[in-house]
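Each of the next two complexes has chain A plus one other chain: chain B in the first, chain C in the second.
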Partner chain A sequence: MTDLAIQLNAVMKKYRYFTLDNIDLQLPAGQIMGLIGPNGAGKSTTIRILLGLIHQDQGDVQVLGHRMPAEQVAAKWDIGFASEDMRLYEGMTLDWHMSFIRSIYPKWDAAYSQLLLKRFGLRAQQKIKGFSHGQRVKATLLLVLARRPQLLVLDEPTTGLDPVARHEILRELTAVMTDEGRSILFSSHNTQDVEQISDQITFIDRGRIIDSMDKEAYLDRWRRLRLEAPSGIELPALPGIINIRQTGRLAVATANAFVPDLANAYENTGARVQSVENMTLEEIFVANVEHSREEVEV
Partner chain B sequence: MKGSVVQALILTDWHRHRLHILLCLVCGGLALALIQVGGELPTIFGATVFFVGLIVLGSMLPVSNVINERKKQTLPFLMSLPLSVTQYTAAKIVSTVGMFLVPWLTLVVAAVSFIATHPVIPDGFIPAILIAAIFTFVGFCVIAGVALVSESEGATIAATIGSNSLYGFGWYLLIRNPAIRADMSSPVIVWSREVLTILGIEIAVIALILGLTFYLQSRKRDFI
Partner chain C sequence: MSNAFVISQSDKRPIYLQIMEQIKQRVAIGDWTEGQAIPSIRQLAVDLQVSVITVKRAYLELEREGVIVTQQGKGSRISPNPGLGIRLQQQELQKHLEQAIRLSALLGIQPEELEGRLREANDNVAAKEQK
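Up next, the complex of A and B:
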């Protein structure tokens, strides 16, 4: 197996009103990547290209060492895919679905499937149409996890779930990663979920990847500086600052490459640094998207 | 491995539609029983029920087995399995055609055997019955092909209406054909050139539709 679970190089896919543009993405084996983007950013298109369900117009895609879409069948033996828009057969029981998947996957782990049934509080004999949304999502994940895939690709799996169900699912995904060979690509517009379990974060907006790096690096590099400027002075955006908003003497600067010297540099301009604040992933995401859009418009 | 996924998909489709197939067989059996009663009214009524049963099954199966998978969003679940679009198409064609073929073949064989063993209806009817029955199979293939390639409920409904409307016209042309009409009253089966030509065309159209469906599906770049 290759060291990279997923590798996309210069991938492009054009539609009439949307273009997935020059996507480069790498997910090392054994890592969890959160793919964050607003609705319509291209998360699902990227994921469907990864699975070979949509053919890219340009660029190379490799998943678990298989070229996609040509080798999608070989790759999908080791990929577990679940998406928010995926449904099971309503008229069939969960037990029937488990038998169906077991008949296909030799690696089906019956003991683990029973454990997940208990943990998720699902009844195998119940028909899917009787399940709540949360139970359906859990049932889909059970079917995916019990095949013991090397790579989990989850497209908005926690959308529409209550906090308890979300917690149960995220806990299970974290538990899956005790096997170091496993990797997860997890798309969401819920930054809290992604922040909770991801090692790597990728931001996507309007069909372009605007940033991709280690989660801790994000949280370390992004800061909000609250500044008080000398009267009548407009504070400059120093290197590392992507945005500065000033109202009267008070200014808020957003740094995407924060170093302690940045605060000193502002003090050298005569400003007083009131505070240097950490930012949440959601704040970083929003600031990043806004900055990227401003850059594109310029 | 690959064969087993296709096979699992076919078995799943059969399992989910087993009641539909059984209902069609019961309906066809009842139709043949009615014909056996004899007399003009039961025979016409029985023949009508017989063909309506096949037509309904032929219209319903592609919608239930193909279109509903997209509509009810079970297609992403299936395509998450180790399966290519071509393999999915193969599985769907085999399962859908197979589900239609079982009651269709059973009922056609039963109808032909019935005519062959009952002196009331001349054996000369058998080629015309075969042409009419295979015509329903052609219509079914058109609906299934449109369902798979178009992925659209609207287009499939249009194909269903078109096919079903053509049945009556086709049968009208059949009985208006002087050669075929003349042979219908024959006490023995007559495989005239007209009959063999029509049967050949029907079989060629079936092969063409199924081949075209495979070809168009394999060229798709975006499946979901």
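Up next, the complex of A and C:
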């Protein structure tokens, strides 16, 4: 059996206007999971539950073999968490922060922290109040990366960064994977980042998990079919198709359970298949959210 | 040795196909030779800044095509006869060409016209890849 870095079973958390409902999640050790979903979907709540910062009403949470929230103190030595709302001390230098973290975490890697300073273009002697948004994000990441935690949990690590900074962050995250035992969970609105570096993708919307699986298998299930219908015929949504739009004789069908036979099946209805196209994660994201909301409304 | 790989976000093909193609190119032009050890899945993923699972898929498909061989615990190498995989692709191309010829005959398209259409299709593909 593969070791699981994160395991959530039937986790539930009720708020007045929002419910995180029946969340099941598994992240095998040595992998990167991208958590995506619209604003307010429950990404941050899920992250805070698995860190033990918020206590679930029901369900089991295990992180690196520790039951949460009961064993959160023991778990935290091996978890590195960074989020946008994390505050550094404005009046102190980055170097002061680095010494502070080093004094708490014995695994602090001083050589790696110096390397990251250089790669991120940060000045250790500068006070935080002089840092730009991007520099603050990079400083926060430096402080967790140099601890070399077994599990990195990052809430929106690339939001608001310029392309060069984003690239630097993605490079450091993928470099973590050189070590087979380490894992990363990150949430992002940037589907391009998720598509590029994740091994697992988890889609969350309105407090529920819509999909959670291996990225390659996931992208492979989605296709866009461009079809030409015979005159006067409206093409049906065959099994595996979640949406079909037709104007005149031209139709576009979106498949979320694509198999090559699906194209043949359309040809059997008399349609001509003009093309079968791969979809980007961004396109899948939008199609999937629209589809799941239609289902809820029906 | 994997520095010159380019993974393009504007390329419509999935990343694993882009990786496969670039490995085959290296074999075809002789940069990577028979029996040569190639980067481990994890190493190439880190170098290209893509997920491990994507590189794993590219390697699995390349193995299926006979371009590389992977031994548990020993990593991957270019297969002793990588040309076999590329030859299979040649056969695949031949099959598609013959299929196109049969279809044209059905539609009453003359060979000269088909040649023109092929050139047109080539321009279309080139234009799309430029985008």
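What we mean here is this: the second predicted complex is superposed on the first by the 296 of 298 C-alpha atoms of A that agree within 3 Å, B and C clash if a C-alpha of one lies under 4 Å from a C-alpha of the other, contacts with A are read in each partner's own complex, and residues count from 1 in each chain.
Here is the rule we go by: contacts are C-beta pairs under 8 Å (C-beta built on N, C-alpha and C of every residue); 3 or more make two chains touch, one makes a residue touch a chain.
Model, not experiment: these values are computed from the prediction.
K.L.:
Just checking: does A:255 make contact with chain B only, chain C only, both, or neither of them? Give me first, second, both or neither.
P.N.:
Touch partners of A:255: none, neither chain B nor chain C.
K.L.:
A:199 contacts which: chain B (first), chain C (second), both, neither?
P.N.:
In the superposed model, A:199 contacts chain C only, not chain B.
K.L.:
If you stack the two complexes on chain A, which partner ends up touching A:104: first (chain B), second (chain C), both, or neither?
P.N.:
First partner only, chain B.
K.L.:
Taking the superposition as given, does A:242 touch the first partner, chain B, the second, chain C, both, or neither?
P.N.:
Touch partners of A:242: none, neither chain B nor chain C.
K.L.:
In the superposed model, which partner reaches more residues of chain A, chain B or chain C?
P.N.:
It is B that touches the greater number of chain A residues.
K.L.:
Which partner does A:219 contact after superposing on A: first (chain B), second (chain C), both, neither?
P.N.:
It touches chain C, and chain B stays clear.
K.L.:
If you stack the two complexes on chain A, which partner ends up touching A:91: first (chain B), second (chain C), both, or neither?
P.N.:
In the superposition, A:91 touches chain B alone.
K.L.:
Is A:174 touching anything from chain B or chain C once the two structures are fitted on A? First, second, both or neither.
P.N.:
second
K.L.:
Touching A:64, do we find chain B (first), chain C (second), both, or neither?
P.N.:
After superposition on chain A, A:64 lies in contact with neither partner.
K.L.:
Once bound in the complex, which stretches of chain B touch chain A?
P.N.:
For this pair, the touching residues of chain B are 1-2, 4-5, 8, 12, 16, 72-74, 76-77, 79-84, 87, 221-224.
K.L.:
For chain A, which residues are in contact with chain B within the complex?
P.N.:
Within the complex, chain A contacts chain B at residues 48, 51-55, 72-74, 76-77, 79-83, 85-92, 100, 103-104, 140, 144.
K.L.:
Can you list the chain A residues touching chain C in their complex?
P.N.:
30-32, 170-171, 174-175, 177-178, 180, 192, 195-200, 214-216, 219, 277-278
K.L.:
In their shared complex, at which residues does chain C touch chain A?
P.N.:
Touch residues, chain C against chain A: 7, 9, 12-16, 42-43, 45-46, 49-54, 57.
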